[in-house]
Amino acid sequence: MLSFSSDYIAGAHPDVLKALVDTNLESMAGYGNDIYTQKAIEKIKKEIDKPDAQVYLLTGGTQTNQIVIDTMLDDYQGVISATSGHVNVHEAGAIEFSGHKVLTVDTVDGKINAKTIRSYLELFYKDGSYEHMVFPGMVYISYPTEYGSLYSKKELEDIYSLCKEYQMQLFIDGARLAYGLMSDECDLTMKDLARLCDVFYIGGTKCGALAGEAVVFTHNNQPKRFNTLVKQRGAMIAKGRLLGVEFDALFTNGLYYEIGKIGIDKAKKLKEILASKGYEFFMKTSTNQQFILIENKKMEELAKKVDFGFTQTYDENHTVIRFASSWSTTDEDLKLLEECL
Amino acid sequence: MLSFSSDYIAGAHPDVLKALVDTNLESMAGYGNDIYTQKAIEKIKKEIDKPDAQVYLLTGGTQTNQIVIDTMLDDYQGVISATSGHVNVHEAGAIEFSGHKVLTVDTVDGKINAKTIRSYLELFYKDGSYEHMVFPGMVYISYPTEYGSLYSKKELEDIYSLCKEYQMQLFIDGARLAYGLMSDECDLTMKDLARLCDVFYIGGTKCGALAGEAVVFTHNNQPKRFNTLVKQRGAMIAKGRLLGVEFDALFTNGLYYEIGKIGIDKAKKLKEILASKGYEFFMKTSTNQQFILIENKKMEELAKKVDFGFTQTYDENHTVIRFASSWSTTDEDLKLLEECL
Amino acid sequence: MLSFSSDYIAGAHPDVLKALVDTNLESMAGYGNDIYTQKAIEKIKKEIDKPDAQVYLLTGGTQTNQIVIDTMLDDYQGVISATSGHVNVHEAGAIEFSGHKVLTVDTVDGKINAKTIRSYLELFYKDGSYEHMVFPGMVYISYPTEYGSLYSKKELEDIYSLCKEYQMQLFIDGARLAYGLMSDECDLTMKDLARLCDVFYIGGTKCGALAGEAVVFTHNNQPKRFNTLVKQRGAMIAKGRLLGVEFDALFTNGLYYEIGKIGIDKAKKLKEILASKGYEFFMKTSTNQQFILIENKKMEELAKKVDFGFTQTYDENHTVIRFASSWSTTDEDLKLLEECL
Amino acid sequence: MLSFSSDYIAGAHPDVLKALVDTNLESMAGYGNDIYTQKAIEKIKKEIDKPDAQVYLLTGGTQTNQIVIDTMLDDYQGVISATSGHVNVHEAGAIEFSGHKVLTVDTVDGKINAKTIRSYLELFYKDGSYEHMVFPGMVYISYPTEYGSLYSKKELEDIYSLCKEYQMQLFIDGARLAYGLMSDECDLTMKDLARLCDVFYIGGTKCGALAGEAVVFTHNNQPKRFNTLVKQRGAMIAKGRLLGVEFDALFTNGLYYEIGKIGIDKAKKLKEILASKGYEFFMKTSTNQQFILIENKKMEELAKKVDFGFTQTYDENHTVIRFASSWSTTDEDLKLLEECL
């Protein structure tokens, strides 16, 4: 069936797949000690121009969020997130399962800002019994956010500066980073991003890989014995080559950006189609996810013809649904969608 | 210094202390296998008229909340609590540390109600991706609440009925149970309480003991191998007699209720004094905690003469502070306070 | 460099890779809800002739061991394993990290037997303070073991019967299952295996897949809300198709067994070569791993020409090293090895 | 019934109890902020002559072991212990429950020595895949051990020196410290002990208190935000005064040593009685626990008249049982025992 349900409905980008096929019978060391993983790491460090960065390849988004947060925080610390943040809602409590509280800050558009975080911190440290509370040790944001919105460079600078003031770390979830960076609204580069946080990850799964996310510790701040910590959490795969070959391909000849570009181009057409059909946008974004309001009856009809994602009750009669584009979206898909709507 | 900072500022109630002294040199088995622990358990079961209840003595409130919630929930479940609930704010993330998310519901007066919880549940099960979210497996409330408010019998019945409908457990934190049950507003007995939840605890530390809380599993529903689970969490003390002797004393000749009664009587006078001095109440309660608004400057003055507790910013110039009474509050204390205010 | 270091040095078996390529652009649902995952599950259930079995695809071995053990055991239970068991030695403490003690039983050849386990259990339940100890709740064995040895059908029957007697579960780690089942020594089928345990996994990573292990709960005993438990542990990948397509291919036209057969055939030649060169075997096995003793000096020489694995000190001058074959081992590799030795 | 089952069969030492009674109605701050806790801490620091030590009062032994080990180790680290160590056997897996593997070293008499530990470490770091194993981060010993044996000063020096060489911490469990220090065999002081480890605890529960253990971090090495870490583990009690008053009393006028002395004196008589009755000692110790072999039939007889502890199967017909003395053992008790034997 026609699907706009998410950005992970296809397999690997053809160039990534080709790399897997081409290297398939090469004999390689396991657990990330293969040459392609090393090449991928070097390319990413060069891309962000950070010789002292450390890059680590993991398999999926929730796994990455859980491991980064748990290994970078002390036990007494929690992580500040938007109430709508992925770590707070859609990871089955993976952060709490690892022992850390998600400290929520309300938001309308998926973004949180330095001012709101500062209020949170001031209230916290003013509380007479803060020793009996969870210390805010990290700020988690996503770029783009769950609602497809983007932070400006200035907004990131403010948040990061606040983090330093309060000795907190800043972690940017880049599951959809390629689509964020190639958005017309984006005013920063991957290099800027690396300068404006302590750790971020370059999403692979949603941006051309079969599986894989590249965590970047931006300033020689990878937790000690990280290999062992990852193994202990069941997250190290024997054939690390899978991830190495993929990211090596994604960072060859600008493929990662090209993938983002296609997704954004298709998103633009998607927006036009949705607007032309008269749908009200819940969030009209510059990235690859578009959220519209739809009458429940109409939604049921539509669901027979096309897959969409992220249903959220809006009011008694309306629901918010999401259409996502990606590198795999075709003009044919868009044409079919136009006919369905 | 004069102190109304909390209900745990004194040692043990004299009758409890006497029991400890009287039994001190008796030779007893360890780990809760002593005769006084057994007697205390029987007395509590008799008090609530529940032969199939199981009673377990633990040392402190946070420990009890953490163990009850963690051992009664499955890993995929979290616990619904008021945003202001003790487990959500003042236990340093003990619930999350044990792997469970606290699922918050907003409240004004510390209470949550069946209607709000139902909305939460309906939204949850309507969400297309609820398998990727934390399942609500328990409702946690306290009696009295953090703000000294009380649930009516009808309110508890509604919540418990909802819990059964959604296969959730109801847990009542009774850290200050004696003061709740002896409040003029209270329309239920300990026996009613035991009928209206799956598990609750009878607070000892704040109600006459040096340390100790009695957890009551109301219908033969104590988690399997609970002894081992408690030991594994570092919560089993070798001289379980300490807790056994205390609760045996507290449940002899109605001492537990007498203790509550004194605290409530003193709270009434406390309220009168605060009102007579013209303070605005943030929460005027029928239990042993009273919350007033106070100008920050005045608060600083007052803090030199009397200890109070629970400071919470109200606005730029005002703070909410709490005065707590207990069985140890004397008329002399109240007179001195009147002079300070 | 020539490598016999392990059975995961190549990518995917060509037929598995072809399946990934052929299905790459098909639009599929995420998180294991795709059609290939469903087909793979059905094929596995048919293979073991167990309509009430439940099959779940995970990514790697340590992850699988950790999740199976943690979700099937209660908190108060630990898992019995050979001292040399993978979960006890080479998983960076993943089992303990999830809260469970590995209860060790000594072994010479990697196998443990019903008699030794029974002694352990009898001692345990005779101990006056067993409530203060970790309850044995599961037996973990691997087939083949870390040392390449195999259990006979009779041995498995005895262990499983003992497990039932003591209400413990039996878990068989089949990371190298293909090579075990195709060994000349093997006297059972995958169907037998499924009948003789509560849960086992069919190793993919070491037997033809890029990544992936298929967990089989043999009698409708998959832990409740397993999807959520897996997600919460960071182990659910968005593109579950990767695993689904792989296992669908592995269970089409007997590919899984063919893969095992190749590995075993190469292992036979490997053994011949090692024997002909006069090496003493530490463990001469009927599966795909061979362990020899080698003088330390000679080992250093050899290491320049060929990769081997699993070094373990034998005595001051000797080391145990391992040569592993797999589906990807070629006759050319064997010839080169013969020249190196 | 007459009991030699353990050293925790009585309540508090009369002087400790008196202190609790005398201070009972004083109004004090909670959570360890009371004046007696502060006084106890100062007295302990003075006793060990370590101005940069940090002292923290906890409630029980397993709790203390679990918290010290978990908060001082990194996630990737485990703790080396004798196979017979309390943390390895009789704490229901509390250490593993907190995520850390207990790395065992065999022993005959409950003691481990520098040489055996060194062998363990050398093997570990020689293993080609040690990154996939649990790093030894701490050595745990008890003084006296589970079998009542004592380390000499020289032995401790050797172990501590080895710990420093391998960047491991040394933790000494002093649950029965008073009896160890007052043994005739003891060649060190509490001050020596504090100099020869990173952390140790002064047992209260078994040495005169109702509950309580004083953890000493010997060189300004208490884990950051330790208050919060303790609270989060459910181990902070509201009326910290209980522990404060007890330890203040224990460290006033040498009471702690006096208590140890009485226990040792009674142990000497106990040994004489056991020997005179012709029992074979499994471990004849210089501290307060004596282990004898007894025929099973005779044991059953004896069990009707006196409580003993720690039963361990020796052979088909014999069991090892333990008799423990303490400050509460009376000459009358010993006389009665003599008659029973």
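Here the chain labels run A, B, C and D in written order, and each chain numbers its own residues starting at 1.
Following the convention adopted for this analysis, a contact is a pair of C-beta atoms (placed from the backbone, for glycine too) under 8 Å apart; a residue touches a chain by one contact, two chains touch by 3 or more.
Not measured: the values here are computed from a predicted model.
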Touching chain A and also chain D, the following chains: B, C
Maximum centroid distance from chain C, chain identifier (CA atoms): B
For chain C paired with chain D, centre-to-centre distance based on mean C-alpha positions, whole Å: 41
Rounded Å distance between chain A and chain C, as computed from the means of their C-alpha atoms: 33
Distance between the centres, which are taken as Cα means, of chain C and chain B, whole angstrom: 49
Of all residues in chain C, the ones touching two or more other chains: 75-76, 91-93, 97, 131-133, 228-229, 231-232
Residue ranges of chain B touching chain A (in the complex, touch as defined): 75-76, 78, 89-93, 95-102, 123, 126-129, 131-134, 309-313
For the chain D and chain B complex, residues of the former touching the latter: 1-3, 5-6, 8-12, 14, 17, 20-21, 23-30, 59-67, 91-94, 97, 205-206, 210-211, 228-229, 231-239, 241-242, 307, 328
Residue ranges of chain D in contact with chain A within the complex: 31, 71, 74-76, 131-133, 135, 224-225, 227-229, 231-232
